[in-house]
Structure formats: structure tokens, C-alpha cells
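Next come two complexes, and both contain chain A; in the first it sits with chain B, in the second with chain C.
Here is the complex of A and B:
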């Protein structure tokens, strides 16, 4: 089929969101609060990396180029992921002195997974069949991710004072960037018109409604207006964190992208 | 009930005889069965070391998870390291059941790891500086692990034998994943081949050490002897190392790689591989926490344990460890 810019942009959005967040998750490997969580979290990240790979392959089928090159060699401004998902897990690196923040990991993954669920619900009806097929497969795994993060979120939000304090700070931090996750970028309208995905407004409303209920349920204050303070990733606006992430992700591949690995 | 009552009336010696008769008959010992203290202690030592090695073993490979070259390799190594964590979890649960009557739990395992009392496999104290190392670890370290674990599939301790069945099945996939990385590098550019050869050179000695010392002067072979009497293990360190050579040396050679030991060859008369023995003093240094990367890896584990203390407390304010 002919190149459709809106479809391509949507696929990059879906692919890059999962790719970058799975990467951030994989940095936690061996560092999670307990061994059972290490097993569970690494399974979720593996699923998410798998989802990203599916979208990159859809892009490859549309003639965008080789899936490995798309994921490893594009420059940061070509990435369409939301800024919240690229942010570092905390100070230090995954190899040295990782001062990682579990509250941030839980809130970021919970907020994102809820949005991803509404996304998949909509994409299962997508007018682009390969995408609706993919969404059906992704939904099955996503169900478990949601259960996982919801459990963590509710537990920590209602536990010790220290946990509440840390979680509230993480909620505030994520809330300030969540607008970027819910954005579909400059081509949002065309994506909806062509029936690829529901409108940005519809999905935003669903997410906010769900959050209102959740916050009510656990007796926490609802944070109010969503923000997008560090730029809109859907337009290629990113932070230094993405540049560093991509350098790590492509360190081996870029030594020679032409050969088999 | 009557059987239990009559068993309780036996003397310690009679219980011991009964226990030996059971394992000699090939019966499995279960967590709530009577067992001699030194059997319990041997199992705790062996299984907690095995479990914590799986967990510490995730750290060198973790370095290569984000950097794995392609989407396919990223997915494969993510799956593999997740398996290793799963093995660690499975084994620690087995160890915890054995420790319970002694009033010990996972917190003790973690604290013993941090204090150096609980050791982990020598191979996981080594650096893994290139993608070639990721391949060699999956192919040969996991290959060595399959050999040493397979001999315990018939272990007299039921929960350990059952855990190992599952673990060995997954390790076979890991070795295949490693072999696939190795093949791609071996058939690749001169730079890729060099990556591989360098990694093999780095890992060879550590692989020999993996099976433990052969002679009594060099090792706590009393553990080996006891574990064999108790049918926890079936072979000596040297028998396992010889199996490893038989399986892998020809494969390494067929890839055109050079083993960094000019003396290694199969001696037809003895029916044994002859090789350069590693420096066992160095082995002792490594496993007591003075290996090239020991401190960094332990530090990583400690840092995360401390950083996440608030999470463990939030989940279960009354208990110390989970």
C-alpha cells in the first residue's frame, strides 16, 4: 500500500513507547525489591520488547526500512516515544551505583499500562488490519502487566508513611509528563479520521476517568491538571536521557549494522 | 499414625540407619522427613550457593541485555536472564524450607551473601567486557552448568531433584541461544571472530575452575565425598570436567577457535583429557570475594537491597525479609 504518513507516525509512536520503556525496565534487572519481582518485571519487559518488535516489523512491511535499523540507528529526534518513558530510573547507571526509584518505576508503568490498555481496546478495531491483529495479541499479555502494576500501585499508595510519601512524589512527577504519553502528536486527527485509532480526546478522557476512580478507591488526592513540561516526544522533542539510552541500546549493533549478529 | 509413632521411638542411630537405607533404595527425602543434621547442612550449603549463584549470575549478563545487537538478540537474552532469576527463586525456596527448622530465612541468605559467608560460583566474579562474553557465558558457562547439574537430577533430596529437572530443561535452551550467538560471530567478520576468541581466552581458566579442584589437597573434597555418600551428587569434580572437555573441546576446535592451553589433548591410553591445571590458589581468592569483579557485583546487589528497604517494609512492615 502507499505510504500513509499518519499510519507510519502511529506505528512509530507505539513501537518507540514500548521499546524505550522496556529498555528502562531491563536496566532494573537484578535490582528489583525482591527476587520474585525481578522474575515478574523482567518477564513484563520481555513482553514489551516483543510488542515493540511487532510494530517495528509492521513498519518494515510498510517499506520504512529494516526493523533492527529502525530501532537501533535512528537519531533521537526521529523517535516518537513520550518523554516520560525515556527518563532515567534514577541517578547512577544500570552498571554503577544505580540509585533507582521503585516508586517511579511503579507509577510510570502503572500509568502507562492503563493507557496502553485503552489504546489496545481501540486498536483491536483499527481499520488497518495488521495493527488490529497485533493489538489482539498484545492485549492478552497486557492483561497480566496491568494486574501486576495495579497491585503494586494500590499496595504502596496505602502502606507505610514512607511509601505514601515516595509514591505521592512519583505520582506528581509522572503527572507532570503524562500529557505527553496521552498525546498522539500533530497527526492525531488524521489517525482518528482514517479509523486507525480512537481520538486523542476519547482516550484521554478514559484514562482520566479510570484514574479518578482509582484515586477515590484508595482515598488519595486526585492530582488535577496533566502536564507535559519537557516537550512532546511525538514531535521529536526529547531529553538527553533518550540520547544516552540510544547510545547504550545500539552500542554493539552500530559497530557494524551490515553483518549478521 | 502408628508408623509415625513407632518411628519416633527409634534411637537417633536407628533413624540414621533407616535414612541411609531409604536413600540407598533410591527413595526421595522430602522436607518434613527425618534427616541427619549434616545432610540438612550439606543441602543448605549446596542449594543456597546454587540459588544465589543463579541470581549473581544474572549480573554479568545483565550488562549485555540492553546492548544485545538486534531485536531478536535482545528478546532472547532478556528471556534467558529472566530464566536465571527464576532458577534462583526456585532454589532459594527449596533452601528456605530446609532452613526453616533452624529459624533462618531469606534475610539470612542475603546477609550471608553480603558478609561473604555465602559464596557464589567463580565464573560470576569475572568481567564480561564484550558481546563475545555474553555468547561465551551462555554457550560454555551454561554448558558447564548443565553437566554439573545433570549429575544431581537423581539427587536423594526430592525438592532439589525436581527443581533441577526444570532448570536443566531451560539451560538447554540457554546453551542453544549461546551457540547461536557464537555461530554468528564465528562466521562473521575478522573483528567478530576476534571478539569471540578474546572472550574464550578470558573465560577458559574460569571454566576449568567451575567444576572445582580435582585433588584432595586443593579442595574441600570432604563435601564432595559426603554429598556422594548421601546421593546428593553422583560424580567427582574431575569426572565432570572431563565430560565438559569431551563435549565442548571438539566443538570449539571445529569453529576454528584456539583454546588458550597448548597442552590440551585427549590421551587415548588413559582415556582422559590432559590439560593445564589452573592455579587453585587463584580460585580460592576468587570465590572468597577477591575476583576481578567480585566487589562491584556485590556492591550492586547491596546498593539495590538498601535502596529498596522501604519497599520491603511497606509490603510487610512486621517482617524483615521477603
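Here is the complex of A and C:
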């Protein structure tokens, strides 16, 4: 099959989004609010890492190179994930004084999972069959992630004043970058024309409609316009946080890429 | 190899696969878990198609290795290839009755026979059979399991998450 740039860009978008957010999630291991959450969150990250691996294998089949190398040896500007998903969990690192923000983790994962659901609804009809097959499998696992994050989101948004204050700050923060998650980048139109995925506008509307209902249901103020203030990851624009994430997660692999880890 | 001989070899490979288990639920064979989709024998080469339960299942490499080690012992087989096709999709209704029984013995409640994705489901305790149970965690020690508590016999237990294809609206 001849290289199709729009398809390749879409696969990188899907792979890198799951890969980076799963990595950020994995940094929470042992630090989640309670042990049950540690079990749940790490399962979700494992699933998401599996989804990313699946997309990297599809890229491998299209001649983009070895799946392990695609995830571990690309430079930051080659990544297509949205900026919101690469951002650090909070101050400190998982090894030293992690002052991580649980509200940010809940809101970021909830917002992303809802978008991922609409993505999968569309991708199950994709004109690229390997992608529609993958979406069918991912959709099943995603159901459980959605139940999980929706429960956290709604409960904390309607909890104590302290919880509400922190959640509202996290909502504002994520809202200011969510535009980047909903973007499909410069090739969006071609992706839709070729039937790989629904149009950016369609999925943006679905996400916003869903959020309007959710905010109404929990009696919270609906935030204003969506933003994308730190660059569009779909065009390779990223923050220092991505560089740091890639350095950390590739540290072992890079010591000897020929060894099977 | 004649057609009949080749058919016998396929049959023997299936029998051997009965001894291969998921390392995370080692009382149930991968056949009873419904993971073996197909066995093809081409000359002295066996090709085993296996369906992963969950995409990110870390046990796949071990299962692959165990299949190769088991099948290579079959007379007439000199090469084994394990493939993970992306369809059909593994669903919990592929688990055999014997598989369900063995899951219970392992302390894992088998998935319900018919389940609509997203809907609640009734989960009987694998020890006493009571449905007076509560979900403690939708997630468990492996991607395919969740953790529950039996209010009747006061035992914690696990259950397989129901996995069914999602229809389109």
C-alpha cells in the first residue's frame, strides 16, 4: 500500500495521545489517593499503553519502522499528541517530592476519555479496515475507563468546597488546552474526506454537547470558549514537559535498543 | 503428509493446547478461555491463531512462548508460529462451560452469559453462590478482572469483566 500521509498522521495522533497520557498515568503508581485507585488507574494505563502499541504496529505495517523504535526513539517534534496530555502531573517527580494534582488527573482523563469514545464511535466505521478492527476492540475496554472517570469527575465536582475549588481550577486549566485534543491537525480535512475518521467539527460538537449535559446535570457553570494556548501538538509543537517525559521513558531502552526489554 | 494425517496432526495440536494456560489464571487452559481461534498445519509448520483477552495483556509473550514449547513436541511439527489476529474479537461468551467451572475453582466468578455493554450485571459469589455481593473495584489484579465482596459468606472474590462487542447506535 502506498504511503498515505493523512492516514499516517492520524495513526500517530491516536498512538501518541494514548502513549503519553498512559505514561503520565503510570507516574501516579503508588501515589493515587487510595490503594483501590492505584489498582484501577494502573489497569487503565496498561490498557491505554496496549492501545498505543496497537496503533504503532499499524504504523509498522505501513512501513513507518519498528513499533518499539517509533515509541522510544523519535524526537519530540515528531510526536503528534496534544499538549494537554504531555503536561506534568504536578510539581516534583514520582521519585522526589511528588506534589501531584489529583483534580488535574481526574479532569484530564475524563475529558480525554469522552473524546476517545466519540473517536472510537467514528473509527469503528473507518474506511481503513485495520483501524476499524482496532477501534472495535478498544471501544470495549474504554467502557470501563469511562465509568471510572465519570464517577470520579461527578463525585468530586459535587463534593466539599475544597474539592469543588480544586476541580474548578483543573477544569479551567484543561479547558484552556482542550482545543488541542479536539484538533486533528493540518490534514484534518483529508482524513475526513477519505473516510478515515469523522470531521473535526463533528467530534468537537459531540464533545461539547456531552459536556454541556454533564455540567448541567451536576449544576456547575459551563466554561466558555475552548482554548489551545501552548501550541498544537498535531503540528509537532510541544512543551519541555514532553522532552522530559520522553527522556525518562526511553532511558532504559536507549541504553541498548537491540535488547528485548 | 496426506490430508488425513494432517487432520490428525491438527487434532493433536488442539489436544496439546489444552495444557497451555494463561499464567495469570493458571487453572484454566487457553482453549477453555476461548483464546484459540484456529490451528493450521502446513507441512511441518503449525500456525496457531490466538485472540488476546485485553489489548495491553502483558501475559501474551509468555502465552506465545508456552504455545511454541508445547506444540513443537507434537510428532510431525518442526516449526510453530503464533499469530494474534485483530478479528474476531475475543468476548467472554467464548469461555467454555468447563472454563467457567475452573474459573470458579480459582475463586473467579465467570462472566454472565448474556450482557449488554454498560448495563449492570449480577455476579454470584464463586464460593457460596449468593448474589448478595458488592463491587469493590471495577478493576483488579489483571486487566480482565474486577474485585468484589460477598456479604453472605464474607469472602472477597474476583470476577471476569464481561466483554461483548459494542453495537453502533
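Note that the second predicted complex is superposed on the first by the 259 of 261 C-alpha atoms of A that agree within 3 Å, B and C clash if a C-alpha of one lies under 4 Å from a C-alpha of the other, contacts with A are read in each partner's own complex, and residues count from 1 in each chain.
We take it that contacts are C-beta pairs under 8 Å (C-beta built on N, C-alpha and C of every residue); 3 or more make two chains touch, one makes a residue touch a chain.
Since we're looking at a predicted model, the values are computed, not measured.
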| item | value |
| --- | --- |
| Contacts of A:140 with chain B and chain C, given as first, second, both or neither | second |
| Which partner reaches more residues of chain A (counting touched residues only), chain B or chain C | B |
| First, second, both or neither for A:249, with chain B first and chain C second | first |
| First (chain B), second (chain C), both or neither touched by A:36 | both |
| Contacts of A:94 with chain B and chain C, given as first, second, both or neither | first |
| Which superposed partner A:148 touches (first chain B, second chain C, both, neither) | second |
| Chain B versus chain C as contact partner of A:127, first or second or both or neither | neither |
| Which of chain B and chain C A:205 touches, first, second, both or neither | neither |
| Chain B versus chain C as contact partner of A:27, first or second or both or neither | first |
| First (chain B), second (chain C), both or neither touched by A:156 | first |
| Set of chain A residues, in rising order, touched by both chain B and chain C | 36, 39, 43, 46, 49-50, 53 |
| Of all residues in chain B, those that touch chain A in their complex | 55, 58-59, 62-63, 65-75, 78-79, 81-82, 85-86, 88-89, 92, 131, 181, 184-185, 187-189, 191-192, 296, 300-301, 303-304, 307-308, 310-315, 317, 322 |
| In the complex with chain B, residue positions of chain A that touch it | 23, 26-27, 29-36, 38-39, 42-43, 45-46, 49-50, 52-53, 56, 67-68, 71-72, 94-100, 102, 155-156, 159-160, 162-163, 166, 248-249, 251-253, 255-256, 259-261 |
| Of all residues in chain A, those that touch chain C in their complex | 36, 39-40, 43-44, 46-51, 53-54, 121, 124-125, 130, 133-134, 136-141, 143-144, 147-148 |
| Contacting residues of chain C [partner chain A, same complex] | 54-58, 86-87, 89, 117-118, 136-143, 147, 161, 163-166, 168-169 |
